[in-house]
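In the two assemblies presented below, subunit A is common to both, partnered first by subunit B and then by subunit C.
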Partner chain A sequence: MAFTATLEQIDDVAKITLSGELDASTAGIFKEEIEKVSTENFKHLVLDMGDLEYMASAGLRVLIFAKQKMGSYVDIYVIKAQELVLDTLEKTGFDQSVIIQDDYPG
Partner chain B sequence: MEPLTVAGTLDSLSAIAKYVVAAAADAGLDKKASYRLRLAVDEIASNIIIHGYDEACLDGDVDLQATIDLKTLTISIEDTAINYDPCAQETPDNLDKPIELRPHGGLGVYLAIQGVDKFMYERVGDRNRNIFVMNRPVTETVAEGS
Partner chain C sequence: MVIDRIDVHPTHTHTTPAGDTFKLRYGRPFPFGATLVPAGVNFSIFSSHATSCTLVLFKKHAPQPFAEIPFLNEFRIGNVFTMIVFDLDYENIEYGYRMDGPFNPQEGFWFDASKIVMDPYAKIIGGRDVWGVTPDWNDIYHHRARISIDDFDWESDRPLEIPDEDLVVYEMHVRSFTRHASSGVKHPGTYAAIRDKIPYLKELGVNCVELMPIYEFDEFENSRPNPTNPDETLLNYWGYSTVGFFAPKAGYAATGKLGMQVDELKTLIKELHKNGIEVILDVVFNHTAEGNERGPTISYRGIDNKTYYMLTPEGYYYNFSGTGNTLNCNNPIVRSMVLDCLRYWASEYHIDGFRFDLAAILSRDAWGAPLANPPLLETLAFDPILAKCKLIAEAWDAGGLYQVGSFPAFGRWAEWNGKYRDGIRKFLKGEPGLLGDTAQRIQGSPDLYAWGGRGPATSINFITCHDGLTLMDMVSYNGKHNEANGENNNDGNNDNDSWNCGWEGETDDFGINMLRRRQIKNAVSILMMSQGVPMILMGDEVGRTQYGNNNTYCHDNDLNWLNWELIEKNADLFKFFKHIIAFRNAHPVLRNRDHFRNHDYVGSGYADITWHGTQAWQADWSESSQVLAFMLCGKHAKGGTVEDNYIYVAINMHWQSLGFSIPGLPSGMQWHVFANTGANYPEDSFEPGTEPVLADQHNILLGDRSILILVGK
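What follows is the complex of A and B.
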C-alpha cells in the first residue's frame, strides 16, 4: 500500500513527513529516512503525521529505533496525528515518550 | 463473503487489509471498529508472514474467511506456518517504560488482542487458526431483525 516518508533537515531540526499506510511492508522506508538523519548538533525530530492514515506496530518499532539511535536527550515531536493513529500511541504508552502537538513549533 | 487466499509474504498485507475493511463495511462497523479490526488482523498476519514463514524458512499461504451473522463479524485467518499461539504470549508489562528501553517485540499481539471484542486461537491439524470477533452495532442488528 502507498507510503512515503520525506526527510528535511535544517539546522538542529529533522522533519520527516509521513503519508499513507505504515505497516510491516512499508516500515523499512521510514527506517531508511531515520538512518539518514545526521545526529551532529541535533535536537529535535519532528514527525508530521497529518497524512498518515494508518500505523501498525511496525511503525512503533521504528520509533524505538529512532529513540535508541538519537539518544534520550533528543525530543521526538509527533504533529497533526490523526485520531486513530494517536489511539495506538496512547494504548502502547508511546505518548509518554514523544511530544504530541498540533504543529511544530508549538 | 468469499474466502481469500494470499501468499504468505509481506506484499499480501494490502490485499488482506482490503478484505478486512470490506468485511467491516458489510457488517456495518463504524470507522474506529473497522480500524481496530484491520490493525488486529494486520498484526497477526504480519507475525505469520515474518516469524511463522520467513524466519522459519517456510513457504505457504494465508487463508482468510469473513463471516457475518446477526450480531457479529468473524474473521478467521489460517496458515501452515510454525505453531504459534498469540494467547500464550505475556501481555507487555513495560508500557510505562521509556520507549528506548523497550524490547522490540510483543506490541503487535497486544494491539491485536486489545483491539477486538473477542480473540481465539486454535491449532487444527498442522494449521494455525486465529479468530477475530467484532460485535456489530445494535442498530444494524435491529434493522436486520425487523
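What follows is the complex of A and C.
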C-alpha cells in the first residue's frame, strides 16, 4: 500500500493521518508535513497511525525530529497504532516521549 | 539577510559508468568516519600506505554496489582521504571502500582493491542484522557500514557517576540474560528485554551492569558443527572478537532488522540510569575479528595492516591475545582510534565505564615489549571526556604478562583482581596457610595497591566471572567438563581452585547439597564484606550451572542462558544474595574510599578494623588455622566522615563447628544477627534493619564451614 500523510488542522490541534509503509523512501513525505506543522502554534499534534503498517528507522527519525523540533510545548499523541508499529515505538523508547492512546478525544 | 554558506555547495562531479552523476566537494578530515553535513555526507578515512581509495555505495542489503566514487587526488590531505557526497539517501545506503596499494605480506602490506573493506569508524554495521541467521557466504561485503544520525533524545540523562567504592557490579551477557524461554519477555535475548528485567536487577540490589562485548561482532566467526553434537553449530557466542568498535551489536537488538539498534540500546541505557543502574562495557581492544594470516579481510587489514597490527619482522601477526592477531594499541594512530571510540561511547551512549579485556596488551609496544609508561593508558587516564568514566583493566594477557597490582594506573585505573578470585577460592575450599592473604583481600588488597597510593576501589573483587566456572559449579565440580566445546576438554583453564563438596556434578545427596549452598553463601558473604568493588556473575544469585563447563564461549543454548525458573527453585540463594547486597548498600563502613589505618583515629576506643579468632582480640594467623574474624568500627566509616553500625564477621572454614567469643561493643549497643550461613533457611539471613538481637552477646557456636555476620547497634 502506498504511503500517505494527510494533514488536518482543527483549532489548535494538528492531525496527521499516516497510512502504508513508512520507510526511507517515504519518510520525506511525512517530514514535509511535520515541517509545516512546526511553523505554526499548535497545542497538540495527533498522529493517527491506524493505517500505518510498518515503520523503519527513517520513520522513527522523523518522529524524533518532530519531538525535538516542537520542543516541550506541544504534546504529541500517537493514536490507533497497530501492534507492529507500537512494538517498534516501545523497543526504541519513543513511547516515553509521546502520549500513546487508542484515540484522541478531539 | 541569510546567505547560503558557499562551502555547502558541490565543487566537483563524478559520473559512474551507469550514467549516474554524483556531486562532490573536498571533505573535512575530521571527524573520521561518515558524518552528516548540510546536504551531504562527509566521508573521511586514513591509510598510511594506500595509493588510492574508492568509496563504494550499496543500497541497503543489495548484493552489488550502485556506485563507486574514487577520491580525487585533490581530496587527499596527508594520509587522509576525504570528500563530501551530496544528495545521498543516507538512510538507505551502505558504504565501504576499496583501498589500493602494495600487496606484500612479508613487508606487512595487504592491499587488495578487489575487496571492499569496512570503515573502522562505522557507527552502524549491517550484515548480521538478526542474530543467528546464516550469512550468505558469497556476499562480496559482509559487514556493511551504515550512517548513524545521533538524534536520540536523552532528556536530562547523563552518566550517573556513582562513587567507585559504592558499586555492586553484575556481569551479564546480553543474549544469555533473557534468551531462555522462562524469561517471559516479549523479545528474548535483546537490549529491549533487559529493559523489561530492570525490576529484577533492582530487586537484587545491584547498581551497575557490566555487559559482555556489545561492539558489533560476527557470531559466525569460526562457526562450525559441534563434533560432539551434530545438531549444534558452535558460534562466536560471547563476542570477544570485534568487527567494528563504534557500532552496537545489531543482533542483540529486537529492532536490528529495522536498523534501530542504536535507539534501542540508548533507550536501555537511559532506562537503567533512571533506575540508578550504571552501564559498563566490556571492550576488546586487544585484537580484531580478522584473525591471523588465514583470516578474513574485513577492514583494518585491507586499510592499514602495518598500522593496526603488531607484526613480526617477517610480517606475521603477533598473537598476545591468543586469538590470532594483536591490535597495535600504542601506535599513535591506533591509540587515537581507541580514544575516539571511547569518547564516542561515553558522550553519545552515556556509558559509565569500560572494562578492558586482556588489558595488559595495551601496555605493550609495537614489538610486544611492556612499556613503563604506556601512552594509550596515560591518554585514557587523563582524557577530559572520559574523566568520570570507570576504567577497569583485566590486568593480564595471553602472552604471559600479569599485572595485577602493577598495572600502569596513572591514578585512574582499577583492576579485575585475579588474586582475589584465586585466593578466596582456595580459602573457601579449605586450603591451609591462606589467612594472611585472605585478610589482605578482605581489606581491599592494600598489599597490592596501597604502596602505589591506590585506594580499595582499585580492586574489582570477584570470585566468578564469565571466564571459568559459575559459583554453583565451583562448589559442584573439581575439574572442568568442556567436552561440549568439541576440543576434547583441552580448552579452558585447568586451575579452577574449585571443590565439589564430595561428589562430581549434580547429586541427590542432601548433605552435599546443603554444603554446596552454604559454600555459595560463604562466597558471596566474603565478597560483600570485602572492601573494594564486588562483582557478581549473572545467575550466580540463583545457582546457575554450566554443568562444569568453564569456557562456554561457543554455545547458544542452556549452557549460557539464564533459566529464570531458578529464582523459585533456589529461592534461598536468591534471598541470601538480596539480603547481603542490601546489607552492603546499607553500611558505608563496608565501602571505604581509603585503606584502613589499623588504629583508632576518631577516638571511638576501637581501631577501624580489628582481627579476632575463636577468642576475641586474639587472631590465630598460624599456618594450620582456618578461622578468621574481624570487626569494623562504625565510627570510622568512610574515614570517619559518616557514622555507621559496628560489624563483626566470623569465618569458620574448618570442617568442625567451633565456639567463638565475640568482642564487646561500646556500652548501650547490642549485637544483632544479620547472617549465619550455618543456619537453616530462612534463618540464614535477615532483611537489613530487621536483624534479631543475638541471645548470648558473648559466645556463639559457629557451624563447620560457616560465616556469621553481626551488626552492632
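As a convention for this text, the second predicted complex is superposed on the first by the 100 of 106 C-alpha atoms of A that agree within 3 Å, B and C clash if a C-alpha of one lies under 4 Å from a C-alpha of the other, contacts with A are read in each partner's own complex, and residues count from 1 in each chain.
Here is the rule we use: contacts are C-beta pairs under 8 Å (C-beta built on N, C-alpha and C of every residue); 3 or more make two chains touch, one makes a residue touch a chain.
Predicted, not measured: the structure shown is a model, and the values here were computed from it.
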Overlay on subunit A: subunit C relative to subunit B, clash or fit: clash
Partner chain(s) touched by A:L63 [first = subunit B, second = subunit C, both, neither]: first
Contacts of A:A24 with subunit B and subunit C, given as first, second, both or neither: both
Partner chain(s) touched by A:S97 [first = subunit B, second = subunit C, both, neither]: both
Partner chain in contact with A:L84 - subunit B first, subunit C second, else both or neither: first
Contacts of A:F42 with subunit B and subunit C, given as first, second, both or neither: neither
Selected from 3-11, 111-119 or 435-443: the stretch of subunit C that, after superposition, runs into subunit B: 111-119
Overlap of the subunit B and subunit C footprints on subunit A, listed as residue numbers: 24-25, 56-58, 60-61, 64, 67-68, 87-88, 91-94, 96-97
Touching residues on subunit B, where the partner in the complex is subunit A: 10-11, 13-14, 17, 31-32, 35, 38-39, 42-43, 46, 49-50, 95-100, 102, 104, 107-108, 110-111, 114
In the complex, subunit A residues that touch subunit C: 24-25, 27, 55-58, 60-61, 64-65, 67-68, 87-88, 90-94, 96-97
Partner subunit B, residues of subunit A touching it in the complex: 1, 21, 23-25, 54, 56-58, 60-61, 63-64, 67-68, 72, 84, 87-88, 91-94, 96-98
Subunit A-touching residues of subunit C, taken from the complex the two chains share: 60, 89, 91-92, 149, 151-153, 186-187, 190, 192, 253-255, 258-260, 263-264, 266-267, 270-271
